[in-house]
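To start, the structure under review is shown below, and the notes come after it.
Note that the chains take the letters A, B, C and D in the order they are written out, and that residue 1 is the start of every chain.
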Amino acid sequence: MSTFGNHFRVHTYGESHCLSVGVVVDGCPPCLQLTEADIQPQLTRRRPGQSAISTPRDEKDRVEIQSGIENGITLGSPIAMRVMNENQRPKDYGNKTMDKFPRPSHADWTYQEKYGIRASSGGGRSSARETIGRVAAGAIAEKVLRDIAGVEIVAFVSSIGNEFLFPPTATHPSPSTNPEFLKMLETIDRKTVDSFVPVRCPNQEAADRMEKLIADFRDKQDSIGGTVTCVIRNVPVGLGEPCFDKLEATLAHAMLSIPATKGFEIGSGFGGCRIPGSIHNDPFIKAPAIPPSQSGLQSGIPRPRLTTKTNNSGGIQGGISNGAHIYFTVAFKPPATIGQAQHTTTYDEEEGVLEAKGRHDPSVVPRAIPIVEAMAAITLMDAFLAQQARASTRDLIQAAQANSKKLDGLSLNGS
Amino acid sequence: MSTFGNHFRVHTYGESHCLSVGVVVDGCPPCLQLTEADIQPQLTRRRPGQSAISTPRDEKDRVEIQSGIENGITLGSPIAMRVMNENQRPKDYGNKTMDKFPRPSHADWTYQEKYGIRASSGGGRSSARETIGRVAAGAIAEKVLRDIAGVEIVAFVSSIGNEFLFPPTATHPSPSTNPEFLKMLETIDRKTVDSFVPVRCPNQEAADRMEKLIADFRDKQDSIGGTVTCVIRNVPVGLGEPCFDKLEATLAHAMLSIPATKGFEIGSGFGGCRIPGSIHNDPFIKAPAIPPSQSGLQSGIPRPRLTTKTNNSGGIQGGISNGAHIYFTVAFKPPATIGQAQHTTTYDEEEGVLEAKGRHDPSVVPRAIPIVEAMAAITLMDAFLAQQARASTRDLIQAAQANSKKLDGLSLNGS
Amino acid sequence: MSTFGNHFRVHTYGESHCLSVGVVVDGCPPCLQLTEADIQPQLTRRRPGQSAISTPRDEKDRVEIQSGIENGITLGSPIAMRVMNENQRPKDYGNKTMDKFPRPSHADWTYQEKYGIRASSGGGRSSARETIGRVAAGAIAEKVLRDIAGVEIVAFVSSIGNEFLFPPTATHPSPSTNPEFLKMLETIDRKTVDSFVPVRCPNQEAADRMEKLIADFRDKQDSIGGTVTCVIRNVPVGLGEPCFDKLEATLAHAMLSIPATKGFEIGSGFGGCRIPGSIHNDPFIKAPAIPPSQSGLQSGIPRPRLTTKTNNSGGIQGGISNGAHIYFTVAFKPPATIGQAQHTTTYDEEEGVLEAKGRHDPSVVPRAIPIVEAMAAITLMDAFLAQQARASTRDLIQAAQANSKKLDGLSLNGS
Amino acid sequence: MSTFGNHFRVHTYGESHCLSVGVVVDGCPPCLQLTEADIQPQLTRRRPGQSAISTPRDEKDRVEIQSGIENGITLGSPIAMRVMNENQRPKDYGNKTMDKFPRPSHADWTYQEKYGIRASSGGGRSSARETIGRVAAGAIAEKVLRDIAGVEIVAFVSSIGNEFLFPPTATHPSPSTNPEFLKMLETIDRKTVDSFVPVRCPNQEAADRMEKLIADFRDKQDSIGGTVTCVIRNVPVGLGEPCFDKLEATLAHAMLSIPATKGFEIGSGFGGCRIPGSIHNDPFIKAPAIPPSQSGLQSGIPRPRLTTKTNNSGGIQGGISNGAHIYFTVAFKPPATIGQAQHTTTYDEEEGVLEAKGRHDPSVVPRAIPIVEAMAAITLMDAFLAQQARASTRDLIQAAQANSKKLDGLSLNGS
């Protein structure tokens, strides 16, 4: 199924070469101020060939809202959005080579085997274009979370190939114990990330190293992978459903559903396996007073009284958010389309050489930033609604039980 | 919700201190030969304090089948299973310390915040005991997959702290390019894994290093994490649902839902970010002829005509299994319960020192083996049923369309 | 799947002849006072062979809570419950006749065709015993709804064969326009219903007619069907999800999932097709002031300002509860097991005569009362949680937007 | 949520006054021949103001396929379809009266109470226009079912007000025992139904009576309801999931989710409560040989060896299709919009008189025909895929077990 989420349900559609790609977003609460202007920026950030967050006159990948909103206010009904495909059958596809060879490490072969048919673009729904619907839906989820709890979601490139923003060291096998890293999580924002185009790694020295590495791979007609790290600030406490829908589990699901991903780690992650429990455990401390300016308070979502001194947990304990920053890292493989010739085999089991035409992107990691943010927002929004149902009903139960006790008391006194 | 899976749906229940823990397994196909004897071995493997796969006279954690099976044959109806809890309220819980302090990096605090109440055992459903239901359900899924396709699922410990079975190197940043690793994936079985007790790392030298490391941490009243690697052989081609339920995404979901996990990587994983695309791409080759002995053929599930020469993809491309071995690695953090005193804060925001009583396991990784295998089996079984629905209906469509064409032909000839 | 509900999810298991039947209830809010004593009464009401709500020393069909509750308070985790089966393989089953003949209008044949196997009891999950889990789950849902909103759910027998409590007339093709019927809906309670044993039709004259009719059919070794009408009072406004999960649609689903049901009608129902729109439309009136004693107010669930003068809608408009009483009627067919000989065919296509042994219940309608109530409660609880998630989040959005506007105002004034 | 179905999932969107209405259909099998021409006819049948199945040059409600199909063949990916709305904000809405009064028995009031906002058209998603997405999705489901199993779904008007096609009698309280009715179910087709425009009741005398009745109500500026009966022929055996998703339960859910419905009955239905069990039971008989021409056989779906002599069950026993014709009846209330003045109350609790402008349809029943057919097709398709997953996997299990036994035999012989 092409749906994600139970309460905030996202249903995407579309291949590379059909009429349009899009999404139906179901479960968005009513009475939210929302227009295309809230959605377009993230779509623009994910577009290929651009290098800054604002591309003023770019008419491409324009979202069209179909339903669910009147006069800039959500109705509570499904919000359908679509983005037109420009060339439904481009010339460089459909040539004999493409029809003969399943491209190595693409989805051509598995789609053909799964469905008994494949789209003319090869992998069909595995196309990067499918992520447009996710980004549009994510922008809505993010708007709700930001409005009501001041949630901030910021992703950035943390490595390309062997070039790291925070390389693992013997002292810090995971950046989770590195004060520099933790400091960056506090303040990093999208504007800063986008100022480091084209790499979107928010450190000039590291960004330069990464840019050079990508250029090297481009020159060799090769490709290289990397990692994206994402932080979520002002997360309401109590999100995540035991036991199968732990918050880290649904985040992992969301992230590994993005094309070209190979791994996910939350908090200390794989490096955390190498940290002694006595250091890895996050002791509790009294939470600092919240500055009155903080938006999370505006709507009345209470902040927890305790927080943790360290944050190797990555903001989640027992599958449930504890109010500290959530952060995680996602691994992206090198793009499968490379200029170099590849020895492989046709659909008909004949050996041969496949050469890709045109110029190819040697790394997709920087463009994945808004997709990672979108999936994080959708996952969090779904968990938020699940918890609201429970917590608001529990409050009603406790109020009723307290009232009932009071009435019993009155009745006893009165009798 | 405590359910996992849409077609093969697993619904677990139970805390540490209630009457029983258990599971309802819904969607198991009918006519399968199945008894407690198929389920007990994996439950026995996950028990604490044991060291070999067969513990002949052990009466603990005995599964009781409640429904869904008659005369050793599944009826197609829900299979409920339960395992009694032995001590519903042990003495070492419920003391004043436990009631005062949320344990660092446990789920006590987040459960209290989420629910407004917590189980007497603290984290409630985050207990390791909850995994009993998963292991029981996984044994059923595995039985189906093994019977009909010869699927083999084997997990083993691949690192403890800094001690690795296959340490990352400059040449092999991921073991996915290491011939030794790939060779082990071909043949490793559970019996071999269990012969390396207590560590379950199937290499004597590495197992010795790990065992010594664990002993060191035990002596220091500290704890340490590690990784589990799991291989799945004879996977039917075509499993995994675009676009949100890619097979690696549902595997990641399943694995990160296991208590104490911090990361997941499929195929080349995080190391794969460091491998050039020209090496990382898996070229296609003609699949070798299948030896007639291979069980996967018995039931008529066809094996694909092509396979890949290398397997950095980890058996999944575009979210869909390609028939090659699936393998992945899961990170487990150091256990949060340690003997050392910890400076932390009470529920009432008072600073203090928490000391855990008794002897604690310095590493849970070896015991996680059957849980990882169980969740892999459940995930695969669910994907298998989804694909069967589609593929078998597609076959009917194609047969009907072919027949219709034939009838048209006859009619034309006849007229 | 044997699950019902998305937010309050009920998962039943068990056949007639297995070890136990039971249910896992997922999504029950935490902090609810709940013990077996809240669940047993409805289980006792559904038992065969009993005739009053309270059967003091009856040890049969005793519910055992497995999990999810500590010290009489729900934890928010799954509540598993089971009821032992007494005789797993009674003597009167499994005889040659049963094995030879699929019983007419039972589920023997369809189960065999669907699964390729059938339980020794014939229809497996179609057994009336399966409803035990529903009734147990319904008792929990009902407890929540009653505590927080004063919801009252009362079902009664409204017809047996041609004997009606409110026979359709030319003036009142549906009882929805009959003042006598509407008056009964206001006050009828379970105690009154149960005082009319064995028929549970709350009108002496009608009950006598029905009892006599049932006796006639018993004497003829025949059987007869009937209808159950159910009213739900103090329903919170706003329940039901457009467009597929309209409240009447999920109620219909719930009711038609009860064994032996053949029809469902909400409000005016089938008779409503015969009432002119000018009469059928329910005009709005100002809602009467709520007496301070009314429990629905205790927890703070607001009552709507408007209500309807008439109630042909049955408390639901556009699929959403409007706060008026919900009422509906369910049709039950005559029991398929009759003493008379039946000419039919064996599994092997041979004609023959099937004779049922023993004494059989000529009408199941009175026993269906608690099952109808249970399914109504489960359906409503699920809709309630869905609406709570939305409405409580909308409130947060509106608070945040209002606050934001206020801050803007302050900022303008200050500049 | 606006989704229906688990395996064949339909997700509709759109209000009356937004840009478009539409649907995403997920789970359609690949390799199906499908174009707009398969979908448009049913959309055209549901349009207002038309009277025959084929309206050659009508450009309204034109479906645009967005995705999921290439070269007239389904890819197995989501099929998105949309239909433009013509006038997003017509003049006759938004007037002061509409803004002041919630219309009696419309959804204006409940939407406002549920969401805290309402669409300018009043009831938002309760609009008849929402059904466009259903009809489009149903056309796809129907194409699959017809191609692979020869399934035929035909609905017709069975009553308007007190005018019945088969009035209930003492002998036949339900038409299920009436040979005339059963004979009609055998052969009725859509062409015949549409030949009885505008009433779509396939009997000239009854159609005339109904037409006259509707004209009477039109003259009185009043409205009247009616019933639609639907038959499904060539249903594969074994569809429907115990215990909550019995086929009659999901059909009831589907039908009661159609706007303006008040009741559902399967087979003998409410009348069946009045038929003795000895007559109501459907004895088994050997199924007649299937003529070689029958399309259901083309694809290899086996027909059951037994059928029933009578069919009071309506083709479903124990919640599972038995291969006999499924038939059911749906009740539609009189349209709420009438020309007569109505005394009611404003949103602000002021009494007043509401008068609807313009000419209104005194009965929606004839137009509901294709909607009923669509929801029936979607429900059946979903059940079909669920059963295919199970049955095809069971076949693999049985093949493997048989093979294993054979191999054991060989091995025994050989040793």
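The rule is short, and it goes like this: contacts are C-beta pairs under 8 Å (C-beta built on N, C-alpha and C of every residue); 3 or more make two chains touch, one makes a residue touch a chain.
In UniProt terms the chains read A, B, C, D = Chorismate synthase.
Predicted model only: the values in this text are computed from it and were never measured.
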| item | value |
| --- | --- |
| Chains touching both chain B (Chorismate synthase) and chain C (Chorismate synthase) | A, D |
| From chain A (Chorismate synthase), the most remote chain by mean C-alpha position | C |
| Same or different contact residues where chain D (Chorismate synthase) meets its copy chain B (Chorismate synthase), judged by the half mark | same |
| Chain centre separation (chain B (Chorismate synthase), chain D (Chorismate synthase); CA means) in Å | 42 |
| Geometric centre distance via CA averages, chain D (Chorismate synthase)-chain C (Chorismate synthase), whole Å | 24 |
| Of all residues in chain C (Chorismate synthase), the ones touching two or more other chains | 1-3, 6, 12, 27, 30-31, 76-77, 114-116, 124-125, 242, 390-391, 394, 398 |
| Interfacial residue positions of chain A (Chorismate synthase) with respect to chain C (Chorismate synthase) in the complex | 6-7, 27, 29-33, 76-77, 144, 147-149, 242, 295, 298-301, 384-386, 388-394, 396-401, 403-404, 407 |
| For the chain D (Chorismate synthase) and chain C (Chorismate synthase) complex, residues of the former touching the latter | 1-4, 6, 10, 12, 102, 104-107, 109-111, 113-116, 123-126, 130, 159-162, 173, 217, 220, 222-227, 237-238, 240-246, 248-257, 259, 261-270, 272-278, 280-286, 304-306, 308, 312-314, 316-323, 331-336, 338, 340, 342-345, 347, 349, 351, 362, 387, 390-391, 394, 398 |
| Touching residues on chain D (Chorismate synthase), where the partner in the complex is chain A (Chorismate synthase) | 1-3, 9, 11-15, 17-22, 24, 26-27, 30-31, 64-70, 73, 75-80, 82, 114-120, 124-125 |
